[in-house]
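Paired with chain B in one complex and with chain C in the other, chain A is shared by the two complexes that follow.
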Partner chain A sequence: MSTAPGAIAPDWLVRSEVGLCPCGCVGRRRKGSFVEKTLTGAADVMHQAMFGDEIAAGPGLLQRLDARVKVLTLLGLLVVAALAHTTAVLLGLYAVTFLMAWSSGLRLSFFVKRVWLFIPVFTGLVVLPATLNIITPGQIVVPLGNWWFGHTIGLTSQGLQSAALIVTRVAVSISIVVLLTLTTPWPRLMGALRALRIPRLFIQVISMAYRYILHLLGSVEEMYVARRSRTVNPSTDLKAGRAFVSATAGALFGKAHHLSEEVHQAMVSRGYSGDARAIDSFRLGALEIAWTAACVVTACAVLGVDRVIR
Partner chain B sequence: MHIPDGYLSPETCAVGAAVMVPSWSAAGRRVRKTVKSRYVPLLAIGAAYAFLVMMLNVPIPDGTTAHAVGAVLIAVILGPWAAVIGVSTALAIQALFFGDGGVLAYGVNCFNMALVMPMAGYFLVYRPLTRHVSLTAPRRAFAAALGGYIGICTAALCCGIELGLQPTLFHNASGQPLYAPYHLAQAVPAMLLAHLTLAGGVEFALTLGVVSYLQRANLPMLRINHAAVPETDAEVIRPPRRVRWWWALLPIAVMGLATPLGLLYNSGAYGEDNPKADTAKFLHKNHLTAIPAGLNHYANFWHHALFNGYDFSHDKHPALGYVVSAFFGAVAISVALLTMFWVVQLVRRWRGSHDEDVSDLQAVGT
Partner chain C sequence: MSVRDDVLVVEDASYAYLGRFPALDKVSLRVGRAERVALLGANGCGKSTLLKVLDGLVFPDDGRYAAFGEDITEERLEDQQLNAGFRSRIGFIFQNSDAQVFSPTVRDEIAFGPLNMGMAHDQVEARVADTLGMLGIADLADRAPYQLSGGQKKRVAIASVLVMNPEVLLFDEPTAALDPRTQQWLMELIVELGRAGKTIVLATHDLASLETLAERCVVLGEDHRIVADGSTHDILTDRDLLLAVNLIHEHAHSHGALAHTHEHDATHHDPTDH
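Moving on, here comes the complex of A and B:
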């Protein structure tokens, strides 16, 4: 992984635990403390944010599109995915997102991994019980025994169908959002939202919050390293860990507030009077018109076919 | 509690957004008024903080981790309206960058975690419990923690209802659900169970820990939203506690609401049996051969009661009759009491003005 210029995460932070192979085959496996795991998660956040910027700067179809047009059309496709009632049509729409990813120069394996990372956790586990006849009554296609108070338990065709519908819909929705955020640099996305009449207050807050998250994560990391460097006992103490988490969270607020005062003074000294201006350079060319037309055709096709085969 | 896209119908999402737009604008106005031009960095900090709090995973005994939302914590430190904007912003960043919570479902997620949670925790729990409590009192930290617990559970209840309504409202011709598959009876208990125990506990512990840490180590942070609250218990000026008369209505209201319990009990009170209603039973119960002459003569002396035997229309609708007669009884007694009250006041006022006349005369006399 290369570090983007100006990024604040040092390499040692983004690297995984020392002496532990990620697959667990080298060295003694050690269950890290939860504080450590949280910080690893935080490092992932930074990694994603920085890596995302690299993709957004690359050449590709979606990267070249006007951000406003991109936000509106992809939001439209999101609504279309929510309105579609059949799994087959949603699978077709999923194929379309692959096409978009491919034309934007995204590695398909990365794209799929990025999307399906969230799905097993949120959707798979939640939807699985609904395939049983206890939740969704219907015709049992895969019997699983008679252990439920003497009743037959099994997967019903109705349950499986609705589970497939939900999983594909979630996959399509996440793919569309991932496409939008991976191919749009953060400032451009904010500019597009501003052009779409989202109040300035929110845009300013979101952009500054995004910047602060990375900064505050650095503070958390420093606090954790400071503590670890003073800790002798290697075993994890849950109680002390919890006390550390709440004290860190409290101290973090103090630091954050101090930072906000400094930032405010810096803003005022540069002429800030409660409203911000930004350079919004948008263009509407042939590419945007062709793209919008393609999206409208896709949406009509999806909804039309869905209505016919429903 | 972050609902991804695909679980909610577009209609539900539209309702969520329609509720949130005026809430955001109200929150924006309120915050702008209270913190002036400093609001942008302060809110951004609140948002970044909310995001990080949601990333702080705390281990729970079964080997998994749970995270807090921190909405009530931010409401306590920065004020409830700042919490609305802060948590909404954190949710926007999560939805856009980490796929945690959907983009279409953004309005609904904001409704649960950025509106219901801080408002319920702050206005229903924290504020009532911290009236006349100093800034450093342990009770304040506890009230904030309880607010966090109630807040996250209320948000979970809303989330369960939203998910549970989907299969009822949106299904295809064969009854197959189009969005979230669980009914209300499954979604609400599942959401509540997880949040009443695990996530609620984490929220409670984190809020308690952070507020008591700030009380110990960084009091100015708590001053942001509590400008006029005295620092120690000794400085708290408690107004004399007065018991208002309307508190007396509380037990009456409780008894009124408990009226239907009387339906569970079938037989009458001891010694109040009507000898003529079931003569044989009355005689057998009291070891008598005949109803005593006096009792026989005066029983049912008055039988023109409006609700004879707490009933009307000859026991056709016993439950309805019981409740209606209870209601009429309560109203009649209230009217009688209020009339007495009014008469007493009238008399007192009349006597008061009479006394004044006398004292006026005396003053003139001297």
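Moving on, here comes the complex of A and C:
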């Protein structure tokens, strides 16, 4: 062992120690702590972001479109979905989003899962009370008993129709947004927003936040792995977990502060003086024109049929 | 060297972080046009701070700094014309490429400097394409920084500075944490840039690559002062100086019954040295 001049390694350091039971017996298994689960989730997010661009770089229809045209046309379809008042028409528009997903090479099961994962949690809970006759009066189709000062409580036909309309509208809207985000690389999406006159500084802040969240997430993962590699007795103790989280948060805050200072210096060094500038390169070819025409026809058809059957 | 050839002049500069932690103590340095100068010193001796002073990112608490014949102070850099001129003539490649590569894509990153200089968009695009080609990273143009390896990030960081065609290039620990092939590529690039007439100042404690990278060495001691300034050969052969500033250490070991002591630097180990 090499030591600095004058330094003598203590006895315990030069003597080998048996870390594990020499009989090789198997100990009690412990499950990971909440910290481990949270960090595994965060690491998954990071890996998804890193490799999610594979879908966006695919050869599908939406991927080949100019990001600016795509943002504008899909925004238009979002407005159309908000203006439609019949569930049947919205279901028709929902079918169109499936067609778009299929033509862009997305796995339909993945696409459906991505959209319907949050609808029951967020929209379902909100619209549930509206299905009851105490909120939406009407013809009770599913009676739930006499709980309201002797009055019958139940799901009304009008309430269910309203709920179906809202849920379908939300599903269509989320589908359109998911299509946009899955088929457009993040930098191009930011570039498209920039071209649509969203303030450049705002876009720059979002872009840098996204860039450095991934970087700092990597640091957290490294800190946890470093700690785990030195942990002999894994503990699921909540107190130890909380102590680690607070220590990591503190270290990360310092790291983020130092990094932000360096990033600012790197920007100033290359002439940054508060005005965000960037190059925007967009193409407008036959595909974009055909796509825009198809979206306009779809929008007119949806609004026209909606007006007729309403 | 005549005074008119000096592009960077630091006189008696002192700087302390938060006013309490000294980083530079009465440092004076003159760098001539097209010189390749290495700032040598152990960790924490003030090399990076001196580079930041040279790039106008931190300003000395005491003393003076002038570049291209102009005094550089915080107040003077508020003048937009002086600021643009100074920034376009000096480029700084940070040790931490993650701090330097902050844009959404490699193309945006390389375009950042020229756009801030007010260059026309078509000219910027042409320059970005040339720089991508020159550094062999054209295939990375639309990639995001988090998808790049350490070596690729370093190339992008260098491209983002070279695209502005600065007269002076400052490198902070250029070869640190790079694989051998990227290290070699970077060393050849620095030599080539020096031959092309660029002034190069680099901070390092990597003695192994020093003779290739620089013709002159300025040594900073652990007391944050300059302790030596001379040719690379003279500095590298001054064993007592290198030991005193903690750039090499005495290493005692034995070969069978024969025990002896000799010096090692932090990065280089020559097996024929025994």
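As a working rule, the second predicted complex is superposed on the first by the 218 of 310 C-alpha atoms of A that agree within 3 Å, B and C clash if a C-alpha of one lies under 4 Å from a C-alpha of the other, contacts with A are read in each partner's own complex, and residues count from 1 in each chain.
What we mean here is this: contacts are C-beta pairs under 8 Å (C-beta built on N, C-alpha and C of every residue); 3 or more make two chains touch, one makes a residue touch a chain.
Since we're looking at a predicted model, the values are computed, not measured.
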item: A:P187 touches, of chain B and chain C: first, second, both or neither?; value: second
item: Of chain B and chain C, the chain that contacts the larger number of chain A residues; value: B
item: First, second, both or neither for A:M208, with chain B first and chain C second; value: both
item: Which superposed partner A:F110 touches (first chain B, second chain C, both, neither); value: neither
item: Chain B versus chain C as contact partner of A:G271, first or second or both or neither; value: second
item: Which superposed partner A:V263 touches (first chain B, second chain C, both, neither); value: both
item: Chain B versus chain C as contact partner of A:Q161, first or second or both or neither; value: first
item: Interface residues of chain A shared between complexes with chain B and chain C; value: 49, 207-208, 210-212, 215, 259, 263, 267-268, 272-273
item: Complex contacts: residues of chain A adjacent to chain C; value: 2, 5, 49-50, 53, 185-187, 190-191, 207-208, 210-212, 214-215, 259, 262-263, 265-273, 275, 277-279, 281
item: Touching residues on chain B, where the partner in the complex is chain A; value: 2, 4-10, 13, 24-25, 28, 32, 36-45, 47-49, 51-53, 55-59, 65, 77, 85, 88-90, 92-93, 95-100, 102-104, 172, 174-182, 186, 205-206, 208-211, 213-214, 217-218, 221, 224
item: Residues of chain C defined as touching chain A within the complex; value: 52, 55, 57, 80, 83-84, 87-88, 90-92, 94, 96, 98-100, 102-105, 107-108, 111-113, 115-117, 121, 124-125, 128, 142, 144-147, 160-161, 164, 250-253
item: Residue ranges of chain A touching chain B (in the complex, touch as defined); value: 34, 37-38, 41-42, 45, 48-49, 52, 75, 78-79, 81-83, 85, 115, 117-118, 122-123, 127, 130, 135-136, 158-159, 161-163, 165-166, 169-170, 172-174, 177-178, 180-181, 189, 199, 201-202, 204-213, 215-217, 220, 238, 241-243, 245-254, 256-257, 259-261, 263-264, 267-268, 272-274, 276, 310
